[in-house]
């Protein structure tokens, strides 16, 4: 069991017929940019934070001297459609942690009224494309066929969907609701607002709402700056890792 | 504790005197091909799925836009002999996960009437052999001697049997039933229907049933195509792994 | 869940209004030197030891033939200000272990009267500086602003604070108290008493006590000698790791 | 929590005043050879087996077609002195598993009458020595001083004792009994009966019994042959590790 702490930010009543939307960090940060844009545009209210013991064991430092905790956040959006949106600055680190977290994310979503799950992410193709395609995968064939009418593609690579975007479909099914993953084509090595926009366009058409895209690019730029800093920090961490304890590997069988 | 969710597909009554047969992915996919062929030929019915939190944290994507969950499946075969067959698209990732999963597989088998366990697998020899030998290992000397009469070999390499094929023998013994592993010689780097056929021939002779082999090769070819795609996906995943969080290694002792 | 055993050394009554101070091993051992100096100067009494099942699986050997257990220790300081100080010879090895340990450290601190947390550590800059700056990060903006008046800096690198020094801030917040991390600039590859001294000077000014620094350098030298030995031991461990079992990596998917 | 299954082999009554002796696989297999020799010479009776879910996830294959399970075994020795001896073909793989296992080993020992713990092992020095020294480390200074009278050395390297040989001292102390580790100097890369003999000579003198050494070398040779085979198996396992799932590393943060 991997412990996950719920920190309630605000009392909210469960919605009647919401969709659960996931936009955690991932390839090209496509899902994250798209889901954050939804929350900002529709003035989503944060009502819950999750602290998973398999998140990176750290806090981030802001320029104003405050710390940012590693967590996942739930936002409630009531208009134009009911949504429970999951944002966050991290996914779980280990495979087992990813299972426990995805299970929790879906359980909270359902508790607050979600009747269906949409996970948003990127599909890395290793090169830049002018007009990024949007791929879809669904928990039932009927659902997949319906999605096709909106111009999404089906992947032919036989590959998979890793992390929360994939496992939340598994736990949706296991909890009796259907799920869809929308993946925007993306090079994979860049923060990609263009792909996020493409995903968002399909998503809004499928679900049936309109959304202004003006500020999406700006927000993506802020995120890019932030991620650049994180990247630098990680390099420093790597440089500084001493003194270092004997690794698990080394410790085995010495007696 | 590593959580394993049971998803019941169909109500079935326990058999009276069944054998538990394991054919999960492994070297040369020998056991998997053999066990799938049994299920297809004898029209096994799926009655239960297991979702282990130590499976790869992903879903696979089919060409029709649906997702395939990572799981292990139980099939019931009533004729020509009673069998509970375990298939699946994965084994558990970590050593601990493999213990919990093997324990569960044996417990479910016994619950549904298994009085003995057969695990089917490959034994990698690093080169192609014209007529693959079949090796056996058993949980008692008496049983091993009986197997010898069917022309199986005993391994002299002092090695082991790793994963479910090995641990299900451990948990069979711990739960009061005996177990046998049948291993077909295989190069180790190829999907190997010829080795699977050799294992199946010995297995059917030992247990006492006849099985038509016509479609085995075709099925193996389909599996090979599928695995080729998975392999490509894994390469992509490796390419795309950015942004990357600081690894466990890096995080230690920085403060 | 990762088990942590409490071993009571001495019965002490909870303080009324203490601060929790963390000085576990970390970069440049800055926090460790500073916190040990506090305990020695103010004659802190050890009252509790923690044994975490995610500490390195070993004991250390002293020159007098006794063994030193891997643990974290709590000291109570009553004058000049009330403090609960955490020392120790290790942090937890895995990310999950670090979460469970940090949670426990904060819970024990609060149980014994802590109303606020200070974690002391180093901030690696990769080069030697004449006058090491002291950086601060806090769990609220109000607190951060107050700290600024004492001449601490805010980090602009967008990075993080890894291990107990970071996570104890998370668990302080989750348990309803505020927290501050003070980080002394340090090259990162040396035991750094100068940085420890800089941190201690800021810390004592912020909290409001005076502390004699005469013996700090001497103590740091002892620690350096000790760490040099540990480093040699680790190299030996690496050399001696045989026989070696198949690694997790190797064990996967062989069947 | 890491599950450990107890399999009772024989009902035995607890001893009144026994010592717990550990001889699990480790550097040079010094402890293992010494402890096995004790069990064989004094006709120890196996009464309990432990199956830890953090042991290597495999079974070993014997030449007679039977399988050998990975486990730890408890033997009871009544004469010439009361002993509970721990043998086995493996230690736990992960740091956490090593903690849970060591805790269990000590708990079982105490349950069956152990009032003191001796762990036997090797101390790798990287070169062959004519007359291997025997080093000791104890859980109290008083005990260490007593040992010195028997001609054991104290280590000056500032290093540690890794695995069960170290952690069983920790859990002895935590459970209210004292413990000693005896380490025979050994090159580290060879199975070393000479070092095992040296340890056994000191051990028998300290505890006060006589033991015939005639068959020790022969037994060590058998063990060496066996380990050579294991080594070959591990190399094969490494060769055969395909198909291979995406590693934890690869799976992170792809979405």
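Per-chain residue numbering starts at 1, and chain names A, B, C and D are given in the order in which the chains are listed.
The rule is simple: a contact is a pair of C-beta atoms (placed from the backbone, for glycine too) under 8 Å apart; a residue touches a chain by one contact, two chains touch by 3 or more.
Everything quoted here is computed from the prediction, not taken from an experiment.
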Chain whose mean Cα position lies farthest from chain C: B
Fitted rotation between chain C and its twin chain D in degrees, CA, nearest 5: 90
Chain B and chain D: spacing of chain centres that average the CA atoms, whole Å: 33
Rounded Å distance between chain B and chain C, as computed from the means of their C-alpha atoms: 47
Residues of chain B engaged with two or more neighbouring chains: 1, 25, 27, 56-58, 93-95, 98, 124, 161-163, 166, 230, 237, 240, 242-246, 248, 251-254
Partner chain B, residues of chain A touching it in the complex: 1, 25, 27, 29, 56-58, 90, 93, 95-96, 98-100, 102, 124, 126, 136-141, 144-145, 147-148, 154-163, 166-167, 169-170, 173-174, 181, 188-189, 227, 230-231, 234, 237-238, 240-245, 247
Interfacial residue positions of chain D with respect to chain B in the complex: 1-3, 5, 7, 51, 53-67, 69-70, 93-94, 97, 226, 228-230, 232-233, 236-237, 239-240, 242-246, 248-254
